[in-house]
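There are structures below to look over.
Shared between the two complexes below is chain A, which pairs with chain B and chain C, respectively.
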Partner chain A sequence: MSPQPQAAVGAPLSRVDGRLKVTGKARYAVDHEIAGAVHAVIVDSSIGRGRITGIDTRAALDHAGVLKVISHVNAPKLPYQRNPLPTAPPGERLHVFQDDKVHFHGQPVAVVVATTLEAAQHGASLVKVTYDAQQPSTDMADAPAGEPQKYARGDTDKALEVAAVRMEMTYDLARNNHNAMEPHATTARWDGDKLTVWDKTQWVFGTQIELAVVFGVAPESVRVISPFVGGGFGSGLRAWPHVTIAALAARETKRPVKLALSRKQLYFGTGFRPTYEYAVRLGSDRRGRLTAMTHDVRAETSSYETFLESVLIPGQMLYSMPHVSQEYRTVPLDVHTPLFMRGPGYTTASYAIESAMDELADKLGLDPIELRLRNEPEEDESSGLPFSTRRLRECYAVGAREFGWHRRNPGPRSTRDGDWLIGTGMAAGVYDTARNDAQASVRLDADGTALVQSAASDMGPGTYTSNTQLAADALGLPMGKVTFRLGDSLMPPAPPHGGSWTMASVGSAVQDGCDKLRKQAVKLAVEDAKSPLHGVNPDTVVVRAGRLHVKHNPARGETYQQLLARNNRTHLEAMGSFTRPTGPERHSLFAYGAVFTEVAVDARLGLVRVRRMLGVYDAGRIISPKLADSQALGGMVGGIGQALLEHTVTDHRDGRIVNANLADYLVPVNADVPDLRAIYLDGDDRDADPIGVKGLGEIVQVGVAPAIANAVFHATGRRIRELPITTEALL
Partner chain B sequence: MYPFSFTKVSDTRGALAAGRRGGRYIAGGTTLVDLMRETVERPETLVDISDLPLRDVTVTERGGLRIGALVRMAEAAAHPKVRTTYPVVSQALELSASAQLRNMATIGGNIMQRTRCTYFRDVTAACNKRDPGSGCAALKGFNRTHAILGTSDACVATHPSDAAVAFAALEARVHLLGPDGERSVTFADFLLKPGSTPNREQALRKGELITAVEIPALARPLKSGYLKVRDRQSYEFALTSAAVALHIRAGVIREAKVAAGGVGTVPWKLPAVERHLIGERPSQALWTQAAERAADGARPLEHNRFKTELLKRTVERQLRIVGGTA
Partner chain C sequence: MSTELPESYGPPPEGQPSPPSRRTFIATTTAVGGAVVAGGGLAAGAFPFTAEEADAVEAAPSGRVSLTVNGERHTAEIDNRTSLLDLLREQFGLPGTKKGCNAGACGACTVLVDGRRVNSCLTLAVRLDGAEVTSIEGLADGDELHPLQRAFVEQDAFQCGFCTPGQIMSGVGCIEEGHTGSHEEIREWMSGNICRCGCYVKIVRAVEQTARGK
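Let's look at the complex of A and B:
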């Protein structure tokens, strides 16, 4: 625990980069002014599977400004060495322009490079590609699955046989796309055999390693810069084919190249939350104590890679029960490879499990919260580990009180407001608290300002701001004297910006580095005969507003500037680090939440409108409350989209994404998200990490969709087991 | 986007001259430029008509309302005369698009809007409207948002405009100016059902310019309103919609103007519903019975079967909202 007073941490501060963003001064991947840059536009396959039989580039090359068209016909063979990262999914990634095979609709088949964006776009439309098309397989319902991932404890078959209450349900979830505001985009420049890339990415090292192994160069030869990311939700956790294409185009044309995917291309050029089918069988006693649950899960993946995510964990530990059996199969289809999307796996599982719990509560005539309380485990039954913190009971209690849960008439279809049926619903949420190794450099200059750097990313949650807050308090400086920089592979390493572990990992490294630097300064002072702090016990010295002083005698002290100037030091430096504890975990580490919502359903027109939503979170310490709210509200909006609107539609005749634009792929607008509120239990989980946080970015979307589905049931008496819940399902 | 030339004209004579030479008129550009980017539209010449003097809303001699073709959607919606005499028009406009688009798009352009059919907007898909004879990918494709009325085997795309539904209900006329002079046509004649030529969408002659939309005088008092049913609450095209205007005197419906949107290849006037209402007294039973006729002749597709029932309920609801049940 830091002896430093807490001033910035816990204060509802605005984004430190907010002004840059609203004034347009924040530079995104293709905003950087790179001398001599030209533009590249990808030509997408218009078939869903088959072979390219011809590429006619004459018209494109004749168009003014077009420099080059690259395809498998003229592209150099690229090394495409194995990607060593553990995050690379099993299988072999798509190799761009290396052969004539088409694996999915929209696959890049050529790239046009031109002196202007307009010329490149028009050139791309002039490339004539002919194909030998085959029927793609894109419908999970008809396709065979691979070998399952399995988990089992106890004997579910027997337990279900003897269970007093048995239920069996299947839930379907549509494919979702991340749809961040900034499209994926890359600027690439070669200087000899050194490659510099400005990329939209949630992990500069991911892009660095992928480019190094694709082009067969040393990782040190590739520098990746990504100071701003215009939203991600997970889609930037992988270097997609266009990143390679940008670098290839730059090498082939010997010019810096800018390549931005169009909104349409994002639907097949980057990943997505896969289509899921989640079947549940459960058994309980008559009082609602669960005895057994089976989970049979099917999810789509590509024909060339197996995408897996943590969809099985909630079923193993959210509720207490002796018998659990799970099988998780992926179904290879002629589609692009999916990727993690906010609350990966957990949002999917929670929709099925929390809907099933609501169905059980209804069957038993139990209050949904009471049912959950009856199944609250004492320890993590998947591992036998004690929970570091698990405060779901408090989440329920606080949520019920603040939401007014117990004022509801428990009967389905019992409340009406004119044409609208009113319903309330709730669901629990869980997401694991992961941490990864991270480092941060800290430099304090003689002018009393500090620079903290780590190659992290800020796709929106506020990495810049929260780490500045941590650093300001640890260094004893005002916010305005601390600059936090991120997003450059030359900086000290940080893990991928996902999985809600950035604060725990990078934040802990920042805390460590700043603590080290402050102690260095204190040591310098107490050992300096000319310092007013000379001879003082260093443990009693604190720094506040840039001034070191004895904690209980503020008059005795001096500023960083005075200290450094007198000692002829231009600056002090320290390297902070966080290392994930090795060996088995001693605690079960998860963030929890409870979501409550009220919906109105037009009884005749089938429209569902969310009226209000409350999330209560057990997420450990909250470093930056204002940005936490931004996260929580954003997670709720994402969940509302998942529950009611978002659905990537594939035309199974040819594998085309039919609604690859934001007019037809619906995300919530302001009118759809009226009254959202988040409450954080006051927490500090030092078993999780040195700064006591449990991660917030994912948990805030987990549980939203089932809370809405449960509220729709309560409003209408109709259980819809498919997301999104549409008008036609309720007519 | 295909290369094009761009000229700006300052009077209608200049516009007509440019139009006769094959130029495409552009005002707000909110549809046309989108479609040019998708290479669905490939005009060689754009003629910017924004400066033409077609921006007035005027009351006609007989008490109707004439809305200039270049009046912005937002201006038309907020115009006091429109708001007080034809709320159905104001509401239809305000439930359209987004504030930004309504500030750019014009009334003339709005009724010229092209369909949102995603296959039409994807140049790699078969579409008879975009590429006559290539087929219709929507017929057996994903057709949840498509039309159930006025369709043909060649095309099932909806007309996307909300305002046009209100204009159709009110039996507005479209004023045109062409090389051969002025003429006006009814809404029913202006927008064309696809038949075997879905590429022909309006009864426009070469170089003709829309100058105004005129709503005829209707008997007073007139109650009217627009209901739009859609998945999200704003910024989405209609799954179904209903424009209703009723003239009720002494407790009896004397005139009824009803049209539906989101369901037809053109704004869909509902004469059978109107006939059922005239001479009757408002009641929930009347609305339900009248609305039963709303989907007469519907030909639903695989994914839009729900629209038949939803349409009836939409019309029923809006009849009740406008007509009450007293």
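Let's look at the complex of A and C:
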């Protein structure tokens, strides 16, 4: 731990990029002014499976302003080498414009490039594509599944046979789309054989590598720039086909090309949280001690790639029980490939498990919190490892107190407010604390300002701000003297901006780099005969407000500027790094949360309104409390959407997504969201990473949907085992 | 753009509407302003072209328009299909206004036209002769932020920032209209602006703080 005084870290500071964002000056993927840029619009397949038999581009090419129409008919053969990144799902990705096959409704079949956006849009509408269509298979209920991933401990069948209490439930979760406000978009420009793209991505290196292997060029020939990302929630974790199309269109037209997907195209041009069917069987004794649980999970994937996520982990470690058996199958369909969406796997599993726990509590007449306390494990029973920190009991206690849980009448359908049935519910949340290798460069200039850089991303959580806070404290500079830059593949590498590991990974690298640089400056001073710090033990020197001084004798010291000027140094530099510990983990690392909510359900109309919500989190050290609070409230809003509104609907007759727009795919709006409250337990977790954080982005959505579902049950006495919970289901 | 549904699919099940014909499809997309690719420039509501008419279009009809944007007078020859949003972004170098859905459903493109908040994606630029438009770039007074911009920063009423220009312009309109009597009222009148990061609680606080300070 740094000996430096903590001033910026932990302080409720505003975003360092706030001014740019409120003045419209933050530049997103197609906001950059690129001289000579033309516009590209993709033509989507109107069949769900089959073959393209003809593409008539004459009308489009005759349209004023249209420069080129590219399709499999005239596209060059692209190398499409294997993507070496471990993040690429097993299978073979879609190759754009390389053959006449159509794998899903909406697949890109051509792209129109024109001098203006209007001409490109109109041109795209003039491309006539004919098909030999086949019946697509898009309904998971009717399709065969692949081989399962399995996990087992104990003898679940036998344990269930002898269990005093047995229950069996199946939960269904609808497909969800990320629907970040910024549509995915790419601006691409070739300078000779060098490609520069301004991309909406959560990982500039992911886009860089994908483009390099698709076009068969060296990664160094591809530069990816992404200073601002208008939301991601996971959808920017891989380079989707349109990124390749933008680069291809730029190469074929020899012009910089801007390509933004329409809102509709996002539903089949980028990923989604897959449809799930999650079947649970559980056994317990009469006091509610779980003995066994089985989890049979089915999820949709595409016909060409197998998408898997961590849906099995919560069932292995959230509660104590000797017998667990799990099978997780994917069902290949004529759809495009899913991708991680906020709290991937865990939100799905927690909905099933936390609903099942609520059902068990109701059956046994136990308070839902008491049931969970009776099943709290002493160690991680999936690995036998001790928990680094697991303060779920505290989350329950603080949450119950602050929410007023004890005032709850335990009986379902026991509270009314006029036409409204009132219910409260709670659920636990868990998400694993992962971290990955990262680097950050640090430069301190002679004027006493510092520049810290890492090729990270900031899709909204505040990477810019929190890393500036860390750097300011470690360097002993005021916030205003430190600039943190991210989002350029020329910068030191950072891992994908997802999985809640950016703070732990990039933050630890920033901390390391700034510590190194500060120590370098201290060494320079104590070894400099002309420095007032000459001969002082370096361990006793701290830096505050840009001035190095003896910790217990602030009068003895000098500023960075004085030190560098006297030594004729224009700057000092250091490279910080964080390396994920190798070898087996010594601790079980997870963030935890407990969500409490009150809902009102119209007794006759079945409308569900969330009235209030509280989340209490054990998420380690909080670097930037103001931003962390926003992130938690945002996770709750995401959970409200998942619980009550969000459902991507496919017409199985032709594989078309019928609500591919924001008027029919409902997300929470302002009027859907009451006052929300988040509490982070004070603390840190030094077993997780050097800066003691456990990650926030995912844990804040996990547990929200089941808390709402449990509250709906408490309000109405009706158990709805599907998400979203709709008015129709409650009528 | 595409063939009709192949016959092999058979008729739709009982009670389902028939697949739309091209004519009704275009009329529908024009009405709701949807389907950027399918409707193309038509999405902005230009003309209900039939396919044949659309094919016949050689060069885009255009019109001459004079309008004031952020206090600056512009006169331009504008493709009739151009929305105010695309005019600002692509021709006036003002990319602060965002395209979130291009269909009037998300509010990211909200600007003030003659003092009223509008979805600039659904507003044809050629109709705006003589109009006064204020976009996010025109809200601050030099370096001095508008009180609502300041409140958004103080309250942390955004995360990714993409919907923020629209939220702020909408908030300015909401305050001007006087729809700020309670949290419920603000929520209702700010519900045309989606924030997927989920900053609604703080957006309400920022609007309330600014309205109170007026």
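As a convention for this text, the second predicted complex is superposed on the first by the 731 of 731 C-alpha atoms of A that agree within 3 Å, B and C clash if a C-alpha of one lies under 4 Å from a C-alpha of the other, contacts with A are read in each partner's own complex, and residues count from 1 in each chain.
In this text, contacts are C-beta pairs under 8 Å (C-beta built on N, C-alpha and C of every residue); 3 or more make two chains touch, one makes a residue touch a chain.
Every value quoted in this text rests on a predicted model; they were computed, and no experiment measured them.
Trainee: Answer with first, second, both or neither: which of chain B and chain C does A:630 touch in the superposed model?
Mentor: Second partner only.
Trainee: In the overlay, answer first, second, both or neither for which of chain B and chain C A:14 touches.
Mentor: In the superposition, A:14 contacts chain C only.
Trainee: May I ask you to name which of chain B and chain C touches more residues of chain A?
Mentor: Partner touching more chain A residues in the overlay: C.
Trainee: Could you look at A:131 and tell me whether it touches chain B, chain C, both or neither (first, second, both, neither)?
Mentor: second
Trainee: Quick one: is A:122 in contact with chain B, with chain C, with both, or with neither? Answer first, second, both or neither.
Mentor: Both chain B and chain C are touched by A:122.
Trainee: Go through the superposed model and pick first if A:731 touches only chain B, second if only chain C, both, or neither.
Mentor: first
Trainee: Using the touch definition from the top, say if A:46 reaches chain B (first), chain C (second), both or neither.
Mentor: both
Trainee: Is A:607 contacted by the first partner chain B, the second partner chain C, both or neither?
Mentor: A:607: touches chain B, not chain C.
Trainee: A:663 in the overlay: touching chain B, chain C, both, or neither? Say first, second, both or neither.
Mentor: In the superposition, A:663 contacts both chain B and chain C.
Trainee: Per the contact definition in the header, classify A:74: touching chain B only (first), chain C only (second), both, or neither.
Mentor: Touch partners of A:74: none, neither chain B nor chain C.
Trainee: Hey, what residues of chain A end up touching chain B and chain C alike?
Mentor: Comparing the two interfaces on chain A, one with chain B and one with chain C, the shared residues are 46, 118, 121-122, 125, 653, 661, 663, 668-671.
Trainee: Name, in rising order, each residue of chain A that touches chain C in their complex.
Mentor: Answer in residue numbers: 14-15, 17-28, 30-31, 33, 41-47, 59, 62-65, 116-119, 121-131, 133, 135, 179-183, 228-233, 260, 262-265, 459-462, 626-627, 629-631, 633-638, 653-654, 661-663, 667-671, 673, 675-676.
Trainee: Spell out the part of chain B that touches chain A in their complex, as residue ranges.
Mentor: Result: residues 1-3, 39, 116, 118-119, 121-125, 137, 140-142, 144-145, 229, 231-237, 239, 305-306, 309-310, 313-314, 316-317 of chain B touch chain A.
Trainee: What residues on chain C touch chain A, complex-wise?
Mentor: Answer in residue numbers: 1-3, 5-6, 8-9, 12, 32, 34-43, 54-55, 57-60, 79, 81-82, 86, 89-90, 93-103, 105-106, 108, 135-137, 139-140, 145, 149-150, 152-154, 156, 158-165, 168, 183, 186-188, 190-204.
Trainee: Across the complex, what residues on chain A touch chain B?
Mentor: 46, 118, 121-122, 125, 419, 604-607, 609, 644-645, 649, 651, 653, 656, 658-659, 661, 663-664, 666, 668-672, 726-728, 731
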